[in-house]
Amino acid sequence: MKVTLDGVTKIFPPHSKKESPVTAVSNFNLEIPDGKLVALLGPSGCGKSTLLNIICGLESPTSGSVLFDQNDVTKLPPEKRGVGMVFQNYALYPHMSARKNILFPLGNLKGKAKLTKEEKNRRMLDAARIVQIENLLERKPGNMSGGQQQRVAIARALVKYPGILLLDEPLSNLDARLRLETREEIRRIQKNTGITTVFVTHDQEEAMSISDIIVLMKKGVFQQSGKPQNVYDNPANLFVAKFLGTPAINVFKGKIENAKVFIGDEPVADVPGCENRDVYVGIRPEGLIPDKNGPLTCSFKSIDVLGRDYMIVASHGAAETSVIRAITDSENKIEDNPETVRFSFKKNKFFVFDAKTEERIYLG
Amino acid sequence: MKKFGLKAWLYLLPAILFLVVFMVYPLIDVVIYSFEEGFTTTSQTATGVGIGNFSTVLRDPYFIQALKNTFVLVAITVPVSTGLALLISLGLSSIKKLREFFQTVYFLPYVTNTLAVGLVFMMLFNKNESSGSVGMINTFIRFFGGPTIDFINGPYWAKMLVLCLYTVWIVLPFKILILTSALASVKKDYYNAAKVDGTSKFRTFTHITLPMISPMLFYLFITGFIGAFKAYSDAVALFGTKLNEAGMNTIVGYVYDKLYGDSGGYPSYASAAALILFFIILTITVINLIVRNKLTYKGGGGRA
Amino acid sequence: MRDRHPKDLKKQYTFGGIAGKAGVYFMLALWALMVLFPFYFMIITSFKSYGSYSAEITPAIVPKTWTVANYSSLFGDSSVPLPRYLLNTAFFAIVTTAIMVVVIVLAAFAFARLSFRGKNIVFVLFLSLMMIPSELVIITNFVTITDLNLRNTYLGLILPSVTSVFYIYLLKESFELVPDEVYKAAKVDGTSDFKFLIRIMVPMSKSTIITVIILKVIECWNSYVWPRLITRDPDHFLVSQGIQEIRENGFGKENVPAMMAAVVIISVPLIVLFLIFRRKIMEGVSRGGTKG
């Protein structure tokens, strides 16, 4: 099912007279194509969970509308939307076995939708098979690992044959090893079922690794969406550039004068067609190449060997962070413990952002 | 979904109905009664409004007796039971073997019928001259060479002694339970730190344990005071329903006597007496709270 | 509070040396003896025959001859209808507790889960009612029940005994431990509020509800003041009044063994209940119950 968000805004009323209303989501427009795995990505508190709840129907938007295919579902309660939701803490009913947990949503169906016992059981077993927990059906949540609970929660969401599957921070409660395993699992389940799936996360690596589309938001405002690699390579603004990638992008304060961009006093690149102004220059760690004749001069701090690659840690007076990092392969040797190290830039890893609007004005 | 929350009020309706009919309305009514002069269950009309009921009650020798009994009971049982409970709880937390057994035994009085076990106490302390039986306790006293005493129908102090003893016996389970929990909630780190510093056991107790459990001790004092001021069933259990004759009535007993029974039919007097009791309790509680705020350790360790 | 259960106590004090330890055990044993002695006395006395008890100038610690006659007479002939009192009390306790559970579950759910205007104010008003001593309201309740002609009826016994603000509070706290997400999950599945309460909340808070039920049953079983006020008809007597009746009129004042048998019969149900649910009861009481 295709999901369209049209000008969705959510303003929470203040808790007391002293507080002011909080705008959690602001004029959000988005189209989620059918059958895709979509990550809603942003720092915590950016409104992504609120947005998920609005899609789900647990919250209603202050203004704007939510469409499933062509149908406006803005006013529909969650149970009428045909969505499945997996909560951060799984929200399994602790007093029920996995089997009963999965069956529970089917027991709420009324009237024509009512199912026979056999049909319920068949669907329950199907869902259990998809998430591979057939052997755990009699266990209660308390006797399961986090990963197993997660699977039961997904099965419970799938058993209703939802048009959309929503997952709120699905991996945040798992330990590191399970997290890797489970995200592949989510990917597999999504591919097998073909259900349009939206999941919320603050972990960019998680979002980049499994989703077809990532949607970035900040303080309730849409930033950018697209295929993970596209967004990484073409960040629309400084926030997106900073948010994606580990180690994080190196950011310098700089200025444009006469179509040249300066970091500190050094002109580092030509930026044809750009007006004079203050800017931020962002360079991905893999975009910095040690080069005796490179335009950017930094103070050398240390070298960390990362197997095939190595990372040069350096500093620069105009850098926003105390250290800047360059990742490069071992062919680009530098001498031992130099005072300074100079870098040139790899193509497509060098971005210039307007200092005021933080919009990207140049990709080099 | 939210509208006005009509549904929520429906869920609350039964509770509100019960509370309004049996608590809120009576609360207002008792104040009205207490100021209606000359109202009796037979007259059904008041002759005037004023503080006449209060002055009548306060001049009633039975009320004075009840007031005195209640204060004596409170003054003796609250400190004794709290102190004893503290001693026993400290003992309990210093042992491992048999601790559960002792805890179970100590809790038994909590689940017994006050009236039923009171009858047993009466039998134990009784000295029935006519049948020649002296009762278990008097047998002990005689064994150690003392003079036998009739604790149930005898001198005032003997009766009061039994009443206090029985009250302590009844209230101790609750206090022991609360204090053992409080002692258990003091983090072991503090004791270890004290040990490392070479602090003596006594100093550890007075400087660490006592301050840490002081909020609970005060809680017990407050609930203890309130409970003891409302004493009644224990007295009935020991001395029968005719407490005025036995000279062992309590304030609550006086309230019920004015309401019902041989001297009953005066809800106005009962209301006035109940309000006097309420103000005594309120005053004591407020004093307790003031003292507590001055004295207790405030960094947690209290009730969750 | 869970982690504070007495069983989990770690040993914290040590009174110096073996002598100190022996002193502690001596003190604890002494108090245990004080607690147990009345029970011991009532049990052994209940097995003495009236004749042999009367003949004792010095009460015997162990009966010379054991007899169950006192018990059989309680349930057989008997001027004192003890079985009737027991049935009355059981009926009173069960019905009162059942109504209370329904009332408090609904109210606690409204406070814990539903949102409505004035919720905080209503809740504070509820809490402030906890401080009102029952002695204050019993006077008007007595008049109300009299006016409604409900004296000497079960309804008159039960109705004013139902409400318990403290238990609403306790249950609300327990309901609030059910995570928000579980409620949302149920909403997404189209579960109605009422179904959610019955199928999810109540089972998830089973432990607290059982505790509340036990505490209320104990309270009902021991209640004396209210029943004494409004029932004069022995057909509606509860055990507490029964024992008072036995003491003042039944068996003749002298038949102590028969009285003790009655006391044993009255005490046994609660003691059995306590031994079964010991942990729950002690936990519930330490969470704020006070006697009476």
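So that you can tell them apart, the chains are marked A, B and C in the order they are listed, and the count of residues begins at 1 in each.
Quick note on the criterion: a residue touches a chain if its C-beta (ideal position, glycine included) is under 8 Å from a C-beta of that chain, and two chains touch if they have at least 3 such contacts.
No experiment lies behind these values; they were computed from the predicted model shown.
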| item | value |
| --- | --- |
| Least step count from chain B to chain C, where 1 means the two chains touch | 1 |
| Chain ID, smallest distance between chain and overall C-alpha centroids | C |
| Chain centre separation (chain B, chain C; CA means) in Å | 17 |
| Inter-centroid spacing, chain B versus chain A (mean Cα positions, whole Å) | 62 |
| Inter-centroid spacing, chain C versus chain A (mean Cα positions, whole Å) | 56 |
| Two or more partner chains touched - positions in chain B | none |
| Touching two or more other chains - residues of chain A | 77 |
| Chain C residues counted as touching two or more neighbouring chains | none |
| Complex contact set, residues of chain C against chain B | 1, 4-16, 21, 24-25, 27-28, 31-32, 34-39, 41-42, 45, 54, 56-59, 102-104, 106-107, 109-111, 114-117, 119, 122, 126, 129, 132-133, 135-144, 159-160, 162-163, 165, 168, 193, 218, 221-222, 224-225, 228-229, 239-241, 243-244, 247-248, 254, 256, 259-260, 262-263, 266-267, 270-271, 273-275, 278, 281-282, 285-286, 288-292 |
| Footprint of chain A on chain C - complex, ascending | 179, 181-182, 184-185, 187-191, 195, 199-200, 203-204, 206 |
| Complex interface listing, chain B residues touching chain C | 2, 4-9, 11-12, 14-16, 18-19, 21-27, 29-30, 33, 84, 87-88, 90-96, 98-100, 102-117, 119-124, 128, 131-136, 139, 169-171, 174, 177-178, 180-181, 183-186, 188, 191, 201, 205, 209, 223, 226-227, 230, 232-233, 236, 240-241, 252, 255-256, 259-260, 267, 270-271, 274-275, 277-278, 281, 303-304 |
| In the complex with chain C, residue positions of chain A that touch it | 53, 56-58, 77-80, 83-85, 87-96, 104-105, 108-109, 156, 160 |
